[in-house]
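Shared between the two complexes below is chain A, which pairs with chain B and chain C, respectively.
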Partner chain A sequence: MILLVAKVTAVAVVFVLSVYSLRHFFFAFHRLFRPQRMNYTDLAGFHLPSVTVLIPMHNEEAVAHDVLEALLEADYPHAPGRLEIIPIDDHSTDGTGEILDEYAARYSWIKPLHQREGRRGKSAALQAATRLATGEILIVFDADYIPGKSLLKFLAAPFADPEVGAVMGRVVPENTASSLLSRLLDLERAGGYQINQQARNNLGLIAQYGGTVGGVRREALEAVGGWNVLSLTEDTDLTLQLAIRGWKVAYVNRAECYEEVPVTWEVRRRQIERWAIGHTECLRRYLWPLLRSPHLSRKAKLDGVLLLGVYLTAPLVLLGWAACLLLFFSGQSFLPALAAFFLASTCYNAVGNFASFFEIGNSVILDGAHHRVRLLPLNIANFLFSTVTVSLALAKYYGGRILGLRPPWHKTERYRNGNGNGHASGNGNGGSSGNGYPNGRGLNFIRARSIIPGSPAS
Partner chain B sequence: MPFRMGSLYEGVAVAVCADLLLYWQLPQILQWHTRVVGFLLEVAEVPWEAGRHITLLPGVTAELLRTSYLDYQEYPFYPWYFLGVAVLLLAGYRWWPAPLKPVLLFMQASLTITFLYLQLVSPNVPYSPEDFCAIWYRGETYLWLLLPLLFVMGYFILSVPFWMKLSWLCLLVSYSFLWSVVRLALALATFHHFGSLWMPLFYFMFGFLADFLYIVAFYSLAMDRAAAFLGKQREVWQ
Partner chain C sequence: MAGYFSLLLLFFLLLSLNFYFGFREWLRPRDDAPLPVDVEYVRAENYFGISFRAKMKEWLQTARPIPHPDSGTEESPVRAILEKPDGERILLLSGGRFGGQEEHDELLYSDGDLYLSARAIFHREIYCLGNLQTGGHAQLQAVAADGGIVLGAANEVARWVDAQKKVLLSRGTVVHSRVCSAESIELQPEASAQLLYAPLIFTSGYHVASDFAGNGEEDADPPAASEKIPAYLDPARCSRLAANTWLVRGDLELPAGSRVESSLVVKGYLRTGPGCRFSEAVKAARVKLGPRNRVRRSMVSGGAIEVGESGFVGEILSADANILLCAGVRVGASSALAVVSAGGETRMERNVAVCGKMAAGRAVIAV
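And then the complex of A and B:
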């Protein structure tokens, strides 16, 4: 009986992982060979709705200057009623609040919100700021992001289509040289955005609003009841709510924005722990409404289910391995099932959560940046790390649910300007911060590389 | 354009030809495989003899190698010694670099489970080294036949010269033969010198997982060279 269960488990795991593998191959081939869907970039600069930029910040003094300076350089009209910026000081204990007040004194369209009481966390901060915002479109950036000069125009353009409820831009890591992990995450991001998100956009599936470098139409946000303050991943939550109610999420590959990716494995662990738990909560909350939504096609529903279940593949892989181990010791282990299992699981997962090696390889060709692809085999470390971390996180989550505990929200640490431990020390005078991350990167570094066209240094 | 759909059809045709060629040459390749593994075992001072013949595919048979395990009844301290090392590694778990931790954990889990199996269930694992050899040959043979198809799907869609694509495919397949020989010899030598405790580790971690690693490694190198070549064409494709 136990052996039968083990065999059925192994075959079921092989099947599920094969579906994910095929999905990745299909996306990649579609992205490479099928016509690209109109992504509204031609409208950039012609459709200029009133925009409010929201920037949630919790102890962000190391990076607050960069994001605000970059937004000041944005070529979106700064006329009253056209652009406002609301940086949210969410219970900061460092100098973030003072920095924001400094900017507010100099620029009337920067209106900081100081959250000192009430619920903490990104979604609660966004909810509070949304009440104050006057813009028709709300564009969200995390504090470590550095928007390019024309980014707001690219993100605002798709809203010319009244069916578009949210827009997502492309996230590009800027601290790739900091560690092996940041280089591996750069590969993962390239495959995930250049191929995966673009293909989903082309196919009319559910492109994912990622919670930063993206915008949401105020009307659509209100229609779904605002930001879900109980969610650890308010972005996935919003994506699903919009899709279920028939709003489109558009992905604009050209709208690139630069971010800091985790440099240490510990920070990465906490980040994917939060994503895994938040995503799984969304699965529990929205699976049934998604399947019943009259606004989504069958293929969009199937893709939505696969998207929501993506973190469950980690414990599935472990379960599959356990089943194989049992079969091995019972003398029943034989090749066809095991071979298929290992090929399927590794093919899908060996290079990260969201992008198969094939997607990453092709994204490198599309981006025209080839040296980084040599690191692809090392992503096996990322795969094993993610598999174990996600499995433990989900075990903790379900354990917590049984005990009635809420999972905590962890802020991702910043490394810029010498801030390697979540504590600001930034002097910005160059040199190294002691964690391998050169001081003074960020906006100046990007300007020096002329990544923001038209910026003073370019 | 850096990608051409037509090249994929060309690639599938190449994969079919490569598979036909492989199928035709498999008996010779397997014979060579056995001979070289035998030679490496002699270098490692592992006595071996020719084992039974197995049929892998219609018309394709392979001769297995028969070796032995270290007898734990004669050397009862060996399993305890390895278990001790595993426990020591586990004690130092927090100081290991984070990306290596899961690998270490899987290694320890494999050794510990096998140790418990040998102590509590049976003094021997369910497979002899000859059985292991049969499992290995069967898996590798299927993989070799799959390899051209896997590779052409990923690489032949690029607009790079045909000779470049074919060279990478030949390199990959040749490396696959060589690496299989080395790993099998290493596994059999380990079983002979250190016993059956190590079998699941070789079966799970140095089997298909290791195969996948070099496939991705070749793919990444091939893509790197292809991107460099395409870059020189000075095309603007975005």
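And then the complex of A and C:
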């Protein structure tokens, strides 16, 4: 009986992982060989709706200056009623509030919101700021992001399409040299945006609004009931709500923006724990409405289901390993499918895991960065870490649900200007501070480095 | 047993080889800089012209003169030859006629009006401080002029054309990249380019003196959208996407003279009769607008768009496939530049005018 259950489990897991593998391969090949949809970028600078930029900040004094200074230099028209910035001081206990007030005194179109009471967290902060915002389009940046001068124009352009409810730009890690983890996350982000998001955009599937470096049409947000303040991943929540109700999420690969990625494994653990729980809550909330939506095609629904279920693959992989080990040591390992699964689950270069690695490898090549692709085998560390962390997070989530507990919201730690207190996992790189991250690598550092030969700036 | 251990050894050797390069890149990084994102980037549609002019000025200062036998003679407009440090030559011309049916590998710099002979082939860029005109069947790399540019019949430009005054693309001329003008661009039949940018882009038959008819009317605020389902929508197939946006499942055919006050998203084919008006943005899988339709804001399609005779679009016209602008169509206004963007081709019939930018995945063609 146990062996039968193990066999059924293993075959089921092989099937689910094969579907995800095919999806990764399909996206990668589509991105490489099929025509790309890039039309909205032609509209940049010609469609200029009124925009409100929202920046939730909780204890962000280390980075607040940079994001505001960068937005001051944006080439979006600074005419009254065209652009306003609402930085949200979300229960900060450091000097964030004072910094925002300083800017508000100098620029009438910077209108800080100080949240001292009520619910804490990004979605609650966004909900409060949305009530004050006057723009047709709300563009959201996290506080550690450094938007380029043209970014607002690129993000506003797709809203010329009345079906577009939200727009997502591309996030590019800036602190890649900080640790092995940050380098691996750089690869992961490249695959996620350059291949996965772009392919979904090309194919008319559900591109994902990622909560930062993105915008949402106010009318669409109101139509779906605003930001979900109960969600740990308000971005995924909004993506699903929009898609189910007939809105489209557009992805603009050209709208690139630097971000900080976690440098330490502990910070990464907290980040993916939040993502896994938030995402799985979305699965519970939106799976059925997604399948019943009259606005989505069958392929979009299938992609939506796979998107919602992506974090469940982690415990499935663990379950599959357990089943395979049991079958192997009980003399059942002759089954070719199980052997294939065993390889897929344990070696980066077998079927199951290879698909996502293939996607990442191609994205690195598309980005014109060649040497870093050699790090790809080491991504197995990231894969194993994520598999275990997500599985534990989901166990915690379902355990919490049984006990009626709400998961807490954790802010992701910042490292810029020596603010981080974590320690890098040791990559042997010189030139960094004690936290594994070079001090003072803010806006000015990026500006100085961004003078690329042949670019208009040069 | 030995075979077993040999295979095991081989396995670990191959496995460790994979990781060897990874560990090497980790411990002795060669590529750990972030991907380049130019935060200073600001889009300038005529960037190529601006950049080339700046480079030419720099080259004129750094290049050294070399002897030229014909220099200063009345037969040759070449008054000097300069050689850049990389060995490339710049011909300094004092205007006049230049070319002949031969190939030229030098950069050209003319400080007067310049006429390039028919069938001449220029492999490098040309910069003219005055007006520039070419004969028929000339082949050019790229051209910048501080005056106007007239490209003769069936010219082929491998890259871009940039002028401060009017650009005329004569019949059959093809520009493989972009054409920019600070004044206007005229396309004669069968002329094409991949991207055009100017305050006014028009095809033969349009009279520059006449402004767009009816624009003042379009600028007036439209009446507020009604709460009720408009008469032209089938209640069984439509739903409210947002307070001011209707969504229609399937095709929609609007009768002549319909007025659409809300944003409209049609999942199927949108066809309209003559004289329809759209106050807000419109999106459909495929669009065919009848004659004299007026779209105050954007018209977007996942497929093709055909704008009927004497139609008007105020802001954006964007299609994933082809766009056809029938005779008499106007897009944008001199006070508010617009965009016509097609994933495939944009075809313009006679007497079509667009204020702003036209871009196409394949080509913008005058027919």
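To be clear about the criterion, the second predicted complex is superposed on the first by the 422 of 458 C-alpha atoms of A that agree within 3 Å, B and C clash if a C-alpha of one lies under 4 Å from a C-alpha of the other, contacts with A are read in each partner's own complex, and residues count from 1 in each chain.
In this text, a residue touches a chain if its C-beta (ideal position, glycine included) is under 8 Å from a C-beta of that chain, and two chains touch if they have at least 3 such contacts.
Everything quoted here is computed from the prediction, not taken from an experiment.
Enquirer: Looking at the superposed three-chain arrangement on chain A, would you call chain B and chain C a clash or a fit?
Expert: Here the two partners, once superposed via chain A, clash with each other.
Enquirer: May I ask you to decide whether A:Gln197 touches chain B, chain C, both, or neither, giving the answer as first, second, both or neither?
Expert: neither
Enquirer: Of the partners chain B and chain C, which touch A:Arg374 in the superposed model: first, second, both, neither?
Expert: both
Enquirer: With the two complexes superposed on chain A, say which partner A:Asp75 touches: chain B (first), chain C (second), both, or neither.
Expert: Only chain C; A:Asp75 stays clear of chain B.
Enquirer: Looking at A:Gln127 after the superposition, I want to know if it touches chain B, chain C, both of them or none. Which is it: first, second, both, neither?
Expert: In the superposed model, A:Gln127 contacts neither chain B nor chain C.
Enquirer: Which partner does A:Glu174 reach: the first (chain B), the second (chain C), both, or neither?
Expert: The answer is second: A:Glu174 touches chain C but not chain B.
Enquirer: Which chain makes contact with more of the residues of chain A, chain B or else chain C?
Expert: C
Enquirer: For A:Asn382, using the defined touch cut-off, is the partner it touches chain B, chain C, both, or neither? Pick first, second, both or neither.
Expert: A:Asn382 contacts chain B only, not chain C.
Enquirer: Per the contact definition in the header, classify A:Ser363: touching chain B only (first), chain C only (second), both, or neither.
Expert: neither
Enquirer: Check the residue A:Gly45 against both partner chains and state whether it touches chain B (first), chain C (second), both, or neither.
Expert: Only chain C is touched by A:Gly45; chain B is not.
Enquirer: Once the two complexes are overlaid on A, one stretch of chain C runs into chain B. Is it 4-12, 40-48, 112-120 or 328-336?
Expert: Superposition on chain A puts chain B right on top of 4-12.
Enquirer: Quick check on my understanding: which residues of chain A belong to both its chain B contact set and its chain C contact set?
Expert: In chain A, positions 180, 347, 369-371, 374-377 sit in both the chain B and chain C interfaces.
Enquirer: Note which residues of chain B are touching chain A in the complex, please.
Expert: 2-3, 5, 97-103, 105-106, 113, 117, 121, 125-127, 135, 138-139, 142-143, 146, 153-154, 157-158, 200, 203-204, 207-209, 212-214, 216-217, 219-221, 223-224, 226-228, 230-231, 237-238
Enquirer: Where on chain C is chain A touching in the complex?
Expert: Against chain A, chain C makes touches at 15, 18-19, 21-27, 29-44, 47, 51, 239-245, 247, 249, 263-265, 280-283, 298, 300, 302, 315-316, 318-320, 337-339, 341-343, 356-357, 359, 361.
Enquirer: Under the touch definition given earlier, write down the residues of chain A that touch chain B in their complex.
Expert: 25, 32-33, 180-181, 264-266, 269, 321, 324-325, 328-331, 333-335, 338-339, 342-343, 346-347, 350-351, 357-358, 361-362, 364-366, 368-371, 373-377, 379-382, 384-385, 387-388
Enquirer: Touching chain C in the complex: which residues of chain A?
Expert: Residues in contact with chain C: 35, 37, 39-40, 42-47, 70, 75, 146-150, 153, 160-163, 172-177, 180, 183, 186, 190, 204, 217, 219-220, 222-223, 245-247, 256-258, 294-295, 347-349, 367, 369-372, 374-378, 427-429, 443, 446-447, 449-452, 455-457.
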